[in-house]
Amino acid sequence: MNPEAIRIIVTGGTFDKHYDEIKGELTFTETHVPEVLKRARVSVPVQVELNQLIDSLYMQEANRQSVLDACKRAPERHIIITHGTDTMAETAKLIGSARLDKTIVLTGAMIPYKILDSDALFNFGAAFAAVQLLPAGVYISMNGRIFDWNRVRKNKTLGVFEEIQE
Amino acid sequence: MNPEAIRIIVTGGTFDKHYDEIKGELTFTETHVPEVLKRARVSVPVQVELNQLIDSLYMQEANRQSVLDACKRAPERHIIITHGTDTMAETAKLIGSARLDKTIVLTGAMIPYKILDSDALFNFGAAFAAVQLLPAGVYISMNGRIFDWNRVRKNKTLGVFEEIQE
Amino acid sequence: MNPEAIRIIVTGGTFDKHYDEIKGELTFTETHVPEVLKRARVSVPVQVELNQLIDSLYMQEANRQSVLDACKRAPERHIIITHGTDTMAETAKLIGSARLDKTIVLTGAMIPYKILDSDALFNFGAAFAAVQLLPAGVYISMNGRIFDWNRVRKNKTLGVFEEIQE
Amino acid sequence: MNPEAIRIIVTGGTFDKHYDEIKGELTFTETHVPEVLKRARVSVPVQVELNQLIDSLYMQEANRQSVLDACKRAPERHIIITHGTDTMAETAKLIGSARLDKTIVLTGAMIPYKILDSDALFNFGAAFAAVQLLPAGVYISMNGRIFDWNRVRKNKTLGVFEEIQE
């Protein structure tokens, strides 16, 4: 089981939110993914691609298309997408419908990586294993579960992802 | 893909080491696994079993046998074992040789969960996804990789796990 | 130097901001001051009084008056006020003008206590020592400095407090 | 109150202990004081002097003498010494007996800075304010209190500093 390279396509989301102490609000400045990879001591070859840094509530169709294009362009067969949770399922649907011959796992965080008690590192670890073990397809990895792209939604009241009937 | 229950067998290791401010050294008091599960917001049914809290350098054959017995006894088919890294491969060999019809993933940490920059949460997340996706067998999940029990060792100079020829 | 009791009047501010993962924004739920006191292992008698939990940008005159009233009412001669930084100097002016015979130190944080790299704990420690050592009067303790209430402003561009001529 | 420069003499202690993931133990590699100063956003001029990085249990007379020499040599009148807690009171006695015309505050931590729930940042903040407010003399700032050098000991059973009769 020689590890294949993994491409990580960064889109922002809560995972990468950062506290701007001058503005007094959460914004984006850069991605924490390289820091996470170092901290996790991963020994799998990884390419990090900064696609965008955006709150997924503000994603337009062009934003989602840009993620899909990045997936198509990627030479790697294993892709992780870090994404805001609010519209993660929508982006998964767009990419899933494209039926690429790649394993693509979307993940994110309910609490920013830089806040104590963040779930970001756990979710990223789960996605990192999942992308290496799943067959080609598009998946969401959140709450310790793996969901198919066409059977998942975020329950915004509870703040958890859940399975839906196709 | 309805999630099956996962049993988590805790044995201690660096993952659970805690700073004792009176003694001024790292010791064990309790496991951080329940806190990790809450933080990760997992929605998969989980049973946490405290088997032992020990530095794996001090594990005797009886300690390893106790872990194997816990695996045999477990009604769940998916088992995660948190374990010290120094002899994780030895315990994996003992359990692997038993050829149980279960998926068993050992994981741990190079830096304790309670220290900033710990890899514990990433490793646990990776093991959590891996145990749900792998066929029956015994594996080590460290450094973002999945290793078969009979082809893995810890490189103690570099502090990473690596594959060996069987 | 037997330690006199200190009253801590909590008003919220960035210090106590908390990430609400359902709303996806920073809000208030409770104060972190009791947790901070435990973590700091203080052996000085302390009374924590929750006056309000508010972003100081939204403080009205009634809010500031409520803080002044709490200072007047307090039986202790040593008072720390945790406060948002944006209008900390205004509240200091109101209380300073009242010329109470007490030592009152306002402090806060540029980055919430629950975010990695927060300055909250340092600022609180500095205020804790300052309130025990200063003569009666009203002060702001931020950026490792002690400012008189009538000679301080927040430089909102740089995010630091600075001295002004009276 | 224009801020005078502060010299920070680093000697190590629990404050600066670091987890060595290869050896699996707490050791010293460098001091965290510059990181702490940045995080605290101090606007007081500061000189950091690395005197030694040692567990204070292993300090010999020469180690303590070296700290005293650094205090004598320092052009600043305000000095903070970061020090292990176990023999902090002994070093304070040596320096206190020298009757230098400077304000010198020793502080440290019960839990290393890099461990969650560390008291290091609070203690350092308290020392930072105290050194600017106290008259010439030698003091220990721990547990939110300020102790005179000749009336303090560490209660090793409880892990707190306490006043003794001279």
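In this document, chain identifiers A, B, C and D correspond to the written order of the chains, with residue numbering beginning at 1 in each.
Just so it is clear, a contact is a pair of C-beta atoms (placed from the backbone, for glycine too) under 8 Å apart; a residue touches a chain by one contact, two chains touch by 3 or more.
Here the structure is a predicted model, which means the values were calculated and not measured.
With every chain reduced to the mean of its CA atoms, the largest distance from subunit C is reached by B.
At the subunit A-subunit B interface, residue numbers used by both copies make up over half of all numbers present, so the two copies contact each other through mostly the same positions. Chain centres here are Cα averages; for subunit B and subunit D they lie 39 Å apart.
Between subunit A and subunit B the centroid-to-centroid distance comes to 25 Å (mean Cα coordinates, whole Å).
Taking each chain's centre as the average of its CA atoms, subunit B and subunit C sit 44 Å apart. Listed for subunit B are residues 110, 116-117, 159, each touching two or more other chains. Looking at which chains touch one another, you get A-B, A-C, B-D, C-D.
Contacts from subunit A toward subunit C in the complex involve residues 14, 19, 21-22, 24-26, 55, 57, 86, 110-112, 114-117, 156-157, 159. Those residues of subunit B whose C-beta lies close enough to touch subunit A in the complex are 1-3, 36, 39-44, 110, 117-119, 121-130, 132-134, 141, 143-148, 159-163.
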